[in-house]
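To start, I am sharing the structure in question, which I have written as structure tokens.
Which chain is which? They are A, B, C, D, E and F, in the order written, and residues in each are numbered from 1.
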Amino acid sequence: MTKMNRLLITGANGGLGSVCRDRLGHLATTLRLNARKGLGDARPNEEIVYCDLGDKAAVEAMVEGCDGIVHMGGQSVEAKWDTIRNANIDGMFNLYEAARKSSTQPRIIFASSNHAIGFHKQSDRLDARSVTRPDGLYGVSKVFGEALASMYHDKFGIETASIRIGSCFPEPVNHRMLSTWMSYDDMVQLIERIFAVPRLGCPIIYGASANAASWWDNREVAYLGWQPKDSSEVFRAKIDAEMDPPPADDPTAVYQGGAFCADGIHED
Amino acid sequence: MTKMNRLLITGANGGLGSVCRDRLGHLATTLRLNARKGLGDARPNEEIVYCDLGDKAAVEAMVEGCDGIVHMGGQSVEAKWDTIRNANIDGMFNLYEAARKSSTQPRIIFASSNHAIGFHKQSDRLDARSVTRPDGLYGVSKVFGEALASMYHDKFGIETASIRIGSCFPEPVNHRMLSTWMSYDDMVQLIERIFAVPRLGCPIIYGASANAASWWDNREVAYLGWQPKDSSEVFRAKIDAEMDPPPADDPTAVYQGGAFCADGIHED
Amino acid sequence: MTKMNRLLITGANGGLGSVCRDRLGHLATTLRLNARKGLGDARPNEEIVYCDLGDKAAVEAMVEGCDGIVHMGGQSVEAKWDTIRNANIDGMFNLYEAARKSSTQPRIIFASSNHAIGFHKQSDRLDARSVTRPDGLYGVSKVFGEALASMYHDKFGIETASIRIGSCFPEPVNHRMLSTWMSYDDMVQLIERIFAVPRLGCPIIYGASANAASWWDNREVAYLGWQPKDSSEVFRAKIDAEMDPPPADDPTAVYQGGAFCADGIHED
Amino acid sequence: MTKMNRLLITGANGGLGSVCRDRLGHLATTLRLNARKGLGDARPNEEIVYCDLGDKAAVEAMVEGCDGIVHMGGQSVEAKWDTIRNANIDGMFNLYEAARKSSTQPRIIFASSNHAIGFHKQSDRLDARSVTRPDGLYGVSKVFGEALASMYHDKFGIETASIRIGSCFPEPVNHRMLSTWMSYDDMVQLIERIFAVPRLGCPIIYGASANAASWWDNREVAYLGWQPKDSSEVFRAKIDAEMDPPPADDPTAVYQGGAFCADGIHED
Amino acid sequence: MTKMNRLLITGANGGLGSVCRDRLGHLATTLRLNARKGLGDARPNEEIVYCDLGDKAAVEAMVEGCDGIVHMGGQSVEAKWDTIRNANIDGMFNLYEAARKSSTQPRIIFASSNHAIGFHKQSDRLDARSVTRPDGLYGVSKVFGEALASMYHDKFGIETASIRIGSCFPEPVNHRMLSTWMSYDDMVQLIERIFAVPRLGCPIIYGASANAASWWDNREVAYLGWQPKDSSEVFRAKIDAEMDPPPADDPTAVYQGGAFCADGIHED
Amino acid sequence: MTKMNRLLITGANGGLGSVCRDRLGHLATTLRLNARKGLGDARPNEEIVYCDLGDKAAVEAMVEGCDGIVHMGGQSVEAKWDTIRNANIDGMFNLYEAARKSSTQPRIIFASSNHAIGFHKQSDRLDARSVTRPDGLYGVSKVFGEALASMYHDKFGIETASIRIGSCFPEPVNHRMLSTWMSYDDMVQLIERIFAVPRLGCPIIYGASANAASWWDNREVAYLGWQPKDSSEVFRAKIDAEMDPPPADDPTAVYQGGAFCADGIHED
């Protein structure tokens, strides 16, 4: 795997963004970190860029010179339309325009979400060709993002891996996460594989560890060579001890998107 | 088929919108027509509402009391991002929020587009489950619209038929349209069927007549009972006489979306 | 098509059985007609056999010497378990045992039913490989019958065409039947084709005319060469004039099996 | 996993039934054991109910108060029709009627069988959507049982897991069982998972360990989180030493159902 | 449709070749006709080239300057290996090498055959993605030809339409041909469409008219816009009157390739 | 597994052939080794037969008396047409004719190649039903060989396992081989399984170890019970250290067939 010159991590102050900051340093000579605030001091080999993804000019300046982007920025849970629209729709457009105009044509990892397909039943088995069924405005914005990435690939050759992240936390904390959990180790290895393959294309990847009760089948992206190593199963007894499983008609037991499916529109 | 009380037609001053105005009067006691301007005098049984789809309050007032909506409004070709975003993304959100809040829970026809799948090759055969491959910002906005409709159906029960319109004109005028053409008669019959079935769900429909060289298979929506009657084939000789077919490597010969696939981003 | 020596029609006093009696005479030198009673006088070329399908010895005697069987007998709507079990389960077993033991190894048409798949949604498109979803005890008995036929084919070489009959009446009389109707002419032509092909195998066939709003796809049995000629569409205006379509949440608008899906178990 | 109040095990004196008796005690406060005879003394936490599944009233009394049923009862190999019909057809109906009428709406595990699909070739790869091809009256009765379970789920909400059991013995004892073997440990873990998931639905599951030469693919039920741990491979050398593999045209080498496929009808 | 300068027809003295000679004159300014002998006098606009397809230099000279090739030449029924190999294997290689080296990069129609898939059962429904199952050395040579065409397309951009011709005669003359017949009119229209589309690619096409009992589904090549107009059905009564249908276990009733499946290897 | 009397290994002086010679001795009482030259001294239990596969009579004599054939002979990389045709087309025909005429009807392993499907993209996931896309004359000859094997199976019952060998070497030596590598151990175990199953049929098998980044899915041949044990992943760091990955548009990064796809025709 060739080391990149400069890898941009957006949303670097967030949960996954800070994991990326800590663990992706080996992928590039320089990590360029972006957030609106709160990134602390730059470590050696780090560059800090504060800007809003809605600021087109700033985004273009930030993207220039980057070989890779891990786009963890934007709104990461359900919110009011204006919030979603600004962060995940306008922000995505600005990022992809910046990538198109840059001299370096960066390869992009887009943090999509299981909420792009959240209204599928938990008894359904999905793969990369399954139809989308977003479970809220947030999920709709992720479908938008995947579509935008697809278009920039077909039209301009920019490669994106859209990862439909399940639940990426230190450990699963409820029964649904026994199906959706992705360990940090598995996420890091996935990111490494995405930047390692000579030709990425524009794949859809389900971001989950090798959980026993997974709903998702990544066979379409076997060429990446990603083999998650962890399984949520080691946490099952602990979760069983801490809580009852949800009732059978609870959204967290019915739908892949869980509680998001029961959420209403966030109004002003 | 029960007559509706009030059917809203957005974009009623546009090409398809004015066809709908002229030919859908039998579907409802009152046609409510919307555009930003240029609708002329109201005929008997018509109501005219001038407003911008970006005006949330105005849209809510307009949608209230409607049993059905034929949403032909919005931006209908590629344009700058701001134009697309305002008309097709914010506008769609406003329309669906208005539908959700209305007392009448209207059934909606969404004028989606073949440009949602435009980067598929012309030698590919698509159906309603095919993955989207938008061919520009306009096409991306249509994927967004279909995703939004899907979410409002799963979450709030609002039914939408998303019609991926091919080329709806009096007659096909080039070789690509021999595959994509939909006659006005077939469009009208499709709209009738969509409002006639007791239970619509949220289907994806390819809007094309019974053309010999169609790329699209509507078997997934056979339950609608729509059987297009026209075929572009009767116009083939005329087109052959008027122009050469495109070169084999021309986007209009390669991609389903035709020239849109060669279009760049419309910049400010 | 070679004329059969003797064609047995069970249930020959029923609705479809009497149509078969009237219209299948050209297929065999002798029609052997079976019911428990009420078959009137034998016409020339007819033999009448009164017996209950539950009477194993009588069924064996009746089947001996027949080259073909059109099995319209048995219970044809939902009923109490004992009725269903005796007529459609024990009766089927007796008929197939008789066929196995006979010297003539008759080819069999089994009047299965759309109620074997009745709990599929009307927006689903089914073919011969779709999973069964029976909508009552009657439907379960039809799944049993198809399974029995499959086993006698694999084990003993007896060929059966299982026709999942939709609604076979002079004309459709409600909105659901616009999808499920099969004309008598189309049924007769189907029966002719089944006895004409040199090698039948053990196919599942959906018994419906060429209706615009069909839910069923017979591509797997294209080799039969059956092309239904009629369409329910000519009756649509009449039905629309006579009744409102069902509400969207009515079983007759939701499920392929219609009202059967709302039926409870018939208890003693 | 919430402990059940009362778990009914039918056929508790049989091979698998007695394994269940010994190893499922942790799933419920009380095990209710059923057979026609031969259950010995009740252990603490056990209740013994002797009755025939053909006795409708007795079955209703037995099912009342149970939260779960492991239905191992009935006829478990090929037999005369009367035996099959009484035990596996009438008996199933009585059990499901009892479940429907009970106040506890038990979740049911139905011991279906590979003989429901036995006439598929061993070189075919099956999953839960494969068409059934029963290999005898016994297999037909299992197709009936699965259909009955499907109907009671769609109509009354009763959840059933139909396990198409391969060969559940202490160890595989011939070459075919190298493909079909399920260890007791894997069976027990499967039963645990079926009662643990909040929402079961009505799945078809192939009951086999993680054998190298499996014919069956359980991806459709990945949501159960069952991961069999054992493999028949450790017994291969022993079997190879004890016997020659079957000839290529022997039913045990051709069909998934093995010798059952060569079996005739058991006549009186 | 642009007229070609020069269209080569190989095998122009054969059954289909002479039909092509008579009916494809409108496609090109000059028809170049090839056979080893027996082409009579050249008509205006015709060029006659006598050569063996095994003569590499002669084939190169013949192909040079042609815009299109209808390759009807070669061995058209089962034969000894040397005959098949020389005509259909070496001959194909020479033709494609000539096309690759030519200045005109001709579009090619390859007369493949149903015998490339002849061992599929008549009750199977095939499309362009079905696996090949050749029924003799002739059929194997056709699989070779399709593979060679595929490689020259992927590697050198030469476009070929491989037509798996059923039975192309003035009319069907036995029961199997009711499924496989292609009328001359439908063949001619297919050839016209293949040369008319701007971009052909390298499709597999089943060459049969719109027969009721077709085994083949051309949906994958719908983009060609070919809609066969004839049906074998009008000849059914005549064939039924002239002969009995084949016995059920006759190869002509079992396999799509008919009698070829029963043929042995033609030995020296 | 019954020991064979005589197992023929063709190409026994080649890379894989000599591995087979060294490691398959336990499968048969006698190994018959074939090449044109260079086999050294016969070891105990070995027979050496020097002949050219183009010599029909010699091949027939060589095949007679063999129960199994591992056909590693022929041309194993791209070459001039005459070389390919003689070795892989005429040679295959001679071998299968010899098998057909022999008294022992040997089971055959045919060393097919990934170059039969080499023009599929590396991001495509293939299985045994995927369409072939050969990447050169060598690949076309392998499609021919698979077709010939299919025909001899359907017509004469000769069983063949066609292994589409990826890269079978002591270890992978470049990035593409991380996907295509098959260890010698895994190849040997595959050959053992092919000769062990009572009924083989005529399967297509992808010959690769359990590599993380595999492009191939062997689920269709799960019945063989082959479970490769090795993975290329242990060599990744070494390869990364020794060379850069190929550029994204290099054939070795784009196509499954790698550099073969960029190869021209080998001319005289």
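Quick note on the criterion: a contact is a pair of C-beta atoms (placed from the backbone, for glycine too) under 8 Å apart; a residue touches a chain by one contact, two chains touch by 3 or more.
This one's a predicted model, so the numbers in the text were calculated from it and none came from an experiment.
Enquirer: Starting at chain B, how many touching-chain steps does it take at least to reach chain D?
Expert: Contact-graph shortest path, chain B to chain D, evaluates to 2.
Enquirer: Where each step is a move between two chains that touch, what is the least number of such steps from chain C to chain E?
Expert: 1
Enquirer: Given that chain B and chain E are copies and touch, would you call their interface same or different according to whether over half of its residue numbers are shared?
Expert: Answer different: the two copies use largely distinct residue numbers here.
Enquirer: Compute the rotation angle for the C-alpha superposition of chain A onto chain D, expressed as a multiple of 5 degrees.
Expert: Rotation angle between the two copies comes out at 120 degrees.
Enquirer: Could you state the distance in Å from the CA-based centre of chain D to that of chain F?
Expert: 42
Enquirer: Determine the centre-to-centre distance between chain A and chain B, using the mean Cα coordinates as centres, and give it in whole Å.
Expert: For chain A versus chain B, the centre distance works out to 32 Å.
Enquirer: What whole-number Å value describes the gap between the mean CA coordinates of chain C and chain F?
Expert: Whole-Å distance between the two chain centres: 51.
Enquirer: Two or more other chains touching the same residue: where does that happen in chain E?
Expert: none
Enquirer: For this assembly, give the contact graph shape among line, ring, star, complete and other.
Expert: Topology of touching chains reads as other, fitting no named class.
Enquirer: For this structure, enumerate the chain pairs that meet the touch criterion.
Expert: A-B, A-D, A-F, B-C, B-E, C-D, C-E, D-F, E-F
Enquirer: Residues of chain C touching chain E in their complex?
Expert: 1-2, 196-201, 203, 219-227
Enquirer: Chain B touches which residues of chain C in the complex?
Expert: 122-123, 125, 175, 178-179, 211-215, 217, 233, 240, 244-250, 253-254
Enquirer: Per the contact definition, I'd like the list of chain A residues that touch chain B in the complex.
Expert: Residues 81, 85, 89-90, 93, 97, 100, 119, 129, 131-137, 139-140, 143-144, 147-148, 150-151, 154-155, 261, 264-265 of chain A touch chain B in their complex.
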